[in-house]
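Going in written order, the chains are labelled A, B, C and D, and every chain counts its residues from 1.
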């Protein structure tokens, strides 16, 4: 183990990391911002013809224009994305993340640029699932480590609190498209996904799915920085504020999502959020 | 059948992923062989602790899944040591090389062990120094034995490389997943990626067999 | 009982151990045996000689069904060798074979090598099988090694064990396929001595060998083969002193210096 | 670290157990299938031989992760609902069968034709020939090699996390999404794999030593 650490330390030294200074200053000095994206969240960030596009890409180009820097964009699976940020492998998580209690303990969130709801999606031929209580004994799927992962567990707890049996099982997949494939192929009975994802599924294969109901409060979509990178977060928020004020965000929502959703400047964070305590 | 057709259509979309896989495996192989030589040298060292460290390293690498090694290197250790940004591409190469070096050092050790004892004694008797002995006498004999097996190890390296799709690297595997998410075709891109891997690994295996056949020609048995 | 018509013995003639009639065999398009005719009487000792590739090994391997002949008839102790498994097994139980490379079973002790077939094939009980094995191991003068493994013995010792193993099945005929050609020179003698003593006991033997001294000493007849045919058949003294055939002469001049 | 183990130890332990079940179960099924394949590999039946050879080459020349993904996609297309753990087990069985087939084939090839002839000349029938002569000589070769294969399977099975099979690595991912203790979790998971793999490898080594006396020629 010592050997690995030594090798790695050496390696990291080679790659070069000056992590004492302010991240925003460093970005500006190097002329490059490195962001991580999970490009499997249509229409916010996804890959088409080998390129990452979507709502987030438009926002990212606005942000980098404001900063006057180049973008290096990494594509990685969602469960690694926040921990990679903590490990300083990139400056910013430029992928849609919902500020929930678990995450807000460790990460700072930008002003949201869209609102989503937790929707329950079933195959189009299913007539049995109409409301929450119908999910008792049902095999439910969602994405591992996503906001809906936490929501799903909350739903299950609520079902049991009401005296139901709860889900027959909660199956966790590596990405949202994975949940859709598995719903389509009958591997699960229902999936819990963000409304935007559900709309996207409906667009891609309109005959396969039905959106049944929504659960809980609307959730917001933000980008994420390390809590100590206040200057970077402020820069990002000022870009988002500018775009909201000019109506550009609404335009982008229309273009990519198809519907508009308002997002607040404050109050989108859970009470325990680390950035509120600073 | 329909998926085979869609898979064939997918192939051009996967080529940049294939290139990344090739680049990673190529670089990792070179590093692995260099690392293997260092490990073998360490294991032959007269300093007991160097030998012990080398052995411990090989044991660790043989016991740890490459998936966990990559997660530790990419997520775990940077978080622990508060390292700055590290590149998934290079971490991937490092992980494959670290793993490959351990296995290839075993191949080299085996090849060296297969040399007749008299070769070293003969070299000493002729007054060759250590370096000359290795360069002039031993290496030319070790290489033909070790090369085919080392080439085979590169095949293993390629088979392990999809692990990098689990971190940021857009290699052949991740590229095929991206295409799947884009086209909602659950099988075609995977079949295409599988076929490309098969061709790649099969070619390496074929080359290693050719090499073996060529190198054993003219050797008296 | 003595057959009056020696030229065409009936299948039940108990004096005939092996009868080969018009046997031919091909490996693909290549003919390895061509119209072989040979009759071996009980107690006879035959040495088969010939250059390599002459078909001599193939011929004796046909006698216990290790190779199948494609034309003609082979009778061993009155049983005709055919595709019939039962008949092949009947023949194999009565015919022992000693191979060039011994083919001892490396995972079994010497004793176990000798008792394996009697116990599993002839259903002898262990004590009985071990008694027989001990007798024959004594006969090949290797009884003291009974609990060793083949890998611990010299080549000559291994070959003597192989002979004992074949004898333990109480065969009526023993086939030897170049039994000494894989041995170091100093070990050839001990194996040949064993074979000579077997011959003296009256065992019916067919030996493919280049050991011409052995042929002179024990053979009733020498068969010379070339190109898949029996070219010459003679008493040893006649064969060595006065070979009839050119190819036999050439062969003898090569192996006798 | 203690917090991690007391709160999430159950999840990790469950993953560990599932890894063991997946690997041993898949290995057991794969061994049976591999033995059949090995027989086909040495058979003279051209078509069957070719099919077995193709299977072995396909599996041995593609990454396990791709095979697992394909298997999940195939079950999906057929609309068969199977427990992901079961699909993972099948994936390991499919994978190990190919390697097992090669191990057994190699073992069969290591028993010389002379051994078979020796048996035949003693009128030992095909069944007894296999049981008494071939098998005992096969085992010293096949057993250590297959236990080594088992160790490899333990490591390869970590790839199953990539297809959402709830084995040890996946359980690590689950715990991390809830705790963000990245290094600690992967260190614990890594240690568990090390213990598992190294003890299986040690068993293989012991088996090898124990069985050397059986190897011809010594």
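The working rule: a contact is a pair of C-beta atoms (placed from the backbone, for glycine too) under 8 Å apart; a residue touches a chain by one contact, two chains touch by 3 or more.
What you see is a predicted model, and the numbers here were worked out from it, not measured in a lab.
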Shortest walk length in steps over touching chains, subunit A through to subunit B: 1
Contact-richer chain pair [B-D vs C-D]: B-D
Most central chain, Cα average position: D
Label of the chain whose CA centroid is most distant from the centroid of subunit D: C
Interchain centroid distance [CA atoms averaged], subunit A/subunit C, Å: 83
Centre-to-centre distance between subunit D and subunit B (centres being mean Cα positions), rounded to whole Å: 21
Whole-Å separation of chain centres (CA-atom averages), subunit C against subunit D: 47
Computed distance of Cα centres, subunit C from subunit B, in Å: 55
Subunit B: positions in contact with at least two other chains: 60, 72, 75, 77, 79, 166, 186
Junction residues of subunit D, two or more chains touched: 73, 76-77, 162, 176, 182
Multi-partner residues of subunit C (at least 2 other chains): none
Set of all touching chain pairs, with the criterion as stated earlier: A-B, A-D, B-D, C-D
Complex contacts: residues of subunit B adjacent to subunit D: 3, 59-60, 62-69, 71-72, 75-77, 79-80, 155, 158-163, 165-166, 173, 177, 186-187, 190-191, 193-194, 197-198, 201-202, 205
Contacting residues of subunit D [partner subunit A, same complex]: 73, 75-82, 84, 162-164, 166, 170, 173-174, 176-178, 180, 182
Complex contact set, residues of subunit B against subunit A: 13, 16, 53, 56-57, 60, 72-75, 77-79, 81-88, 90, 94, 98, 166-168, 170, 174-175, 178-182, 184, 186
Subunit D partner contacts - residues on subunit A that touch it in the complex: 79, 82-83, 86-87, 102, 106, 144-145, 149, 171-174, 178, 181-182, 184-187
Contact footprint of subunit C on subunit D as seen in their complex: 112, 114-115, 117-125, 128, 132-133, 136-137, 213-218
